[in-house]
Amino acid sequence: MNFIVILLRQTGRNMFHTWKAQTMIIFTVALSVLIFSFFYLIYFNALHLGEKLGEDLRLIVYLEEEPVESLQEEYRRRILRFDQVMRIDFIDSRQAFERLERQLGQDSDILTGVPRNFLPPSIEVYPVPSLNHLSRIKRFSDYLLTLPGVVKVQYGKDWIDRFYAFIQLMRIVTLLSGILLIMTTTFMVAHTIRLTLLSRQQELKLLRLVGATNTYIRMPFLLEALLQGLLGAACGITALLVLFNWIKLQLAGPLPALAHLPFTFFPWPIILCIVLLSSLLCTVGSYSSTRKILQL
Amino acid sequence: MIQETSPTSIIIDLIKVTKVYAPDVEALVEVSLSIHAGELVFLTGMSGAGKTTLLRLISRMEHPTKGLVEVAGIDLAKLPQRSIHLLRRRIGMAYQDFKLLNDKTVADNIAIAMEVAYRQPAFIEKRTRELLHQLDMTRKYSTRTGELSRGEQQRVAIARAVANYPEIILADEPTGNLDAETTAKVMELFHQLNQNGATIVIATHDSTIYQQATHRIVTLHAGRLRASAFGSPTAFSDTRPNEDSAPTEEALTS
Amino acid sequence: MNFIVILLRQTGRNMFHTWKAQTMIIFTVALSVLIFSFFYLIYFNALHLGEKLGEDLRLIVYLEEEPVESLQEEYRRRILRFDQVMRIDFIDSRQAFERLERQLGQDSDILTGVPRNFLPPSIEVYPVPSLNHLSRIKRFSDYLLTLPGVVKVQYGKDWIDRFYAFIQLMRIVTLLSGILLIMTTTFMVAHTIRLTLLSRQQELKLLRLVGATNTYIRMPFLLEALLQGLLGAACGITALLVLFNWIKLQLAGPLPALAHLPFTFFPWPIILCIVLLSSLLCTVGSYSSTRKILQL
Amino acid sequence: MIQETSPTSIIIDLIKVTKVYAPDVEALVEVSLSIHAGELVFLTGMSGAGKTTLLRLISRMEHPTKGLVEVAGIDLAKLPQRSIHLLRRRIGMAYQDFKLLNDKTVADNIAIAMEVAYRQPAFIEKRTRELLHQLDMTRKYSTRTGELSRGEQQRVAIARAVANYPEIILADEPTGNLDAETTAKVMELFHQLNQNGATIVIATHDSTIYQQATHRIVTLHAGRLRASAFGSPTAFSDTRPNEDSAPTEEALTS
């Protein structure tokens, strides 16, 4: 009971007296959390984005001639044997022609006089989307070409190539920056904590000399670090939220295409995780820093 | 001597203690010394003789290279890390380099020694004011110690050492920066604590504070115990400092 | 002469004695330069990439009927009045048909029986590429529609939308990260220098007290900071070069589409600039830090 | 006195100097003091009387709140920031808190004062060894000062102060941590430098070092100049410390 009162008073006094260093640490932690969660958020959304955009993706398998019911079953079986797919559609010449007409809309009059079955029948295969399936799709396409009666396999190669190249590039950039930054910020936080403790080393040593228990010396620091971690993370996450909404606003104007994309902020559990992790890290850092000093 | 006939009351016991600082500085060589509970001992010797080292061994700030150090019946070599605070709370040490926290106030600096022993705030304040009054520093209660004169700092260091009524008080050159008048006040404080039962070891060069005392004087010479003698029988509190002095070293080594 | 010898000896001695702090600072500077130049490199390449990919972009303006020579001139004039363009091509029905045939390649037989002029004539407008011209292209398209005889304007809206959305997103991410990071690293370097100086504050003050001139005290520190900046920047740039080649290698395998993109490392002048800027910053930081201490 | 008849030789001149530390600590009140070139002056007074403050004003580590401080004919208030080093090179100060660089060796610490004046390395080494020999610390030449005993550190501080043969030597409590024997060595060093022409101001509590001297003794009392007297005519070098002491304050204020 008495110990808790002393502990709280001690912590309060420390934090009040060293508010400059405190602000520094909280700022550092906030910045670190901001940077980390910024990149994590990008990665998080890029994953979803990849999934969402991947849904449009299909392989069009042009066939020599209209497959009969039994052949369709055979195709379906063979396709499923190679890889999981989301959907398989069979499109006959007529359907293809109608679709082209619909796509041309106003200009559909240019099709007048063209025979309704001039387009070949096809199978549309929608693979299960995944961020990294460009090479899988290629292999898939190669496989499909080996099926009997298949003339050609199309899958918007250019579009996919570019799109996935970008997703891939962004992934690498995000991951690398993330790693670089986590390194940097961990280093920064550790460094700052260590230096702050170093400047109070004298006090810690003195406490030890006048007969304070390790717990007595350490608890205020740990509590302090915990609070710093909590506050820093809270500030960082708040800054990120503001930034996130600002970016969304920026994108919504000139880029309506992106406005419809499912950009989401972290759900609560992840926010909680980040905050807890941050305070844990600060506490552990503080603990290990005091440890060395208290070996007196 | 009473102390010598009742060996159970030995509170500080050094047996053949040698301390060698890396690589080859022999600070203490085979020093054996027993101090009884309630004694007041003066530790003298030239600069670099090993006085501070001896005190640091007693408060376990250093480990002896060889030999045994026992304080209050505890063999310090066997005292585990986590129990040191129990020893340290029984010892009050006024360091030669003060070890004050210059950013804190005088009151805070003195309070520290009592706070770690979970004293009540009211007690702490009362005791702090009382000590400052005794050391003639009432006006400096809430001054940052960094803004004090060196002699004032020294008094704060002494106040902190004795604040929590420790059983053992180790004072390392407690009057090096003090004038005769203030020295007398400090010595009065020590004598008063000694009369209340505290064991006190004072390492000092200042012959004026020990030559008239009845107390034991231990002299170190280049790390070796040279002599352990008793001062002149004149009671300290009756004599005025700076008045008369007897030749010291010659008398002691005889 | 004598002063230079003393200066060099002093600097050498300082750096040798505080090698731990030195390593720390050089590491910090290297990390900062790495992070900064990493993002700058991305931005730098993204700009080029945008230009390169933007070259493919054209607006196809479908016309009611074949324009005569004079009308072509009129169209050209009007288009140029609105905006600069790179090229304007006039495509008549026949050319359009031939091109479609070429595009269909193997499958061109499906065009048998279709009249050679079933495609409308068109003007192809290649706007001057710029990273941010999506909205400009929209306005351009709107303007072109108002020209007499224009039926429809096409410009691969979907594709462009998505592509530019990504470029735009990457730009924002890169810029924001860049700003965040430059803030962080500047802060880090300043902080580290300040703290290192703080730990040597005692020495600086003493030198002042024993009668050293400001120059005497400061020069070793400035020289030191200069060396630190140079070394740190060199390490950082080297690390970036290694990273860059690694990323290129990573991308070359699974993404041949990207392998052809013009990814380039910084040219020499920019590298020099970064290194010089880094040492300048360190020196200035050191200078201003010592200034405060030397006000004694 | 010779000095008083030749006012041109006044090297340190304080005229009605008042120093108030924020918010309201009156460290010095209207102190006027003239010290002649080649003089050796003892500055005494109780702890907190303002001795250190006076020395700090002379070396321009503090600015006076009121009054004029002139050193070697320079009005310190008018001395620009960038020329302070010229003043400081003429003054050697042994600080009460030593201000040693604890990570550097004894030799390095002493060398600093000579290096800033661009002395040759050979000269620096010779002078350092000579001083260490005089102060009985030859064996500590390349020990880190952090590993010295307090009295040894004090001697290093003194050595640094006098190393570059400054015109003015300010010694703040130079013997607070020294035993009688070492004190005698230090005083001998000061006397020798004084004989070679240096002006020396020694702030001290240690009556043993000034009571037998023929030199002027200036006493501060709570920031006010109390007395400026001359010690007993016994030559210092002929007397042994700790042998005889005369009542000090009483004699001086008369």
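When the chains are written out, they are named A, B, C and D in that same order, and each has its own residue count from 1.
The working rule: contacts are C-beta pairs under 8 Å (C-beta built on N, C-alpha and C of every residue); 3 or more make two chains touch, one makes a residue touch a chain.
Worth saying up front: this structure is predicted, and the values here are computed from it rather than measured.
Peer 1: Show me the overlap between the contact partners of chain B and those of chain C.
Peer 2: Shared contacts of chain B and chain C: A, D.
Peer 1: If you average the CA coordinates per chain, which chain's centre is most distant from that of chain C?
Peer 2: Looking at centroid distances, B is the chain farthest away.
Peer 1: Using mean CA coordinates as chain centres, what's the gap between chain A and chain C in Å?
Peer 2: 23
Peer 1: Suppose each chain is reduced to the average of its Cα coordinates; what separation in Å results between chain B and chain D?
Peer 2: 29
Peer 1: Can you check how far apart chain A and chain B are, centre to centre, with Cα atoms defining each centre and the answer in Å?
Peer 2: Computed value for the inter-centroid distance: 64 Å.
Peer 1: Please set out, as single numbers or ranges, the residues of chain D touching at least two other chains.
Peer 2: Correct list: empty.
Peer 1: Which residues belonging to chain C are in contact with no fewer than two other chains?
Peer 2: none
Peer 1: Looking only at which chains touch which, which shape fits best: line, ring, star, complete or other?
Peer 2: Graph shape, chains as nodes and touching pairs as edges: a ring.
Peer 1: Pairs of chains that touch, anyone?
Peer 2: A-B, A-C, B-D, C-D
Peer 1: Write out the stretch or stretches of chain C touching chain A in their complex.
Peer 2: Residue list for chain C touching chain A: 24, 31, 34-35, 38-39, 42, 53, 106-107, 110, 113-115, 118-120, 134-135, 152, 159, 161-166, 168-170, 172-173, 176-177, 180-181, 183-185, 187-188, 191-192, 195, 243, 247, 250-251, 254-255, 257-258.
Peer 1: Which part of chain D faces chain B closely enough to touch in the complex?
Peer 2: Chain D reaches chain B through residues 21, 25, 44-48, 52, 96-97, 143, 147-152, 154-155, 173, 176-182, 205, 207, 242-245, 247-248.
Peer 1: Can you list the residues on chain C that touch chain D in the complex?
Peer 2: Counting only chain C, the residues touching chain D are 2-3, 6, 17, 202-203, 205-214, 216, 295-296.
Peer 1: Spell out the part of chain B that touches chain A in their complex, as residue ranges.
Peer 2: 59, 61, 81-82, 84-91, 93, 99, 101, 103, 112-113, 115-118, 160
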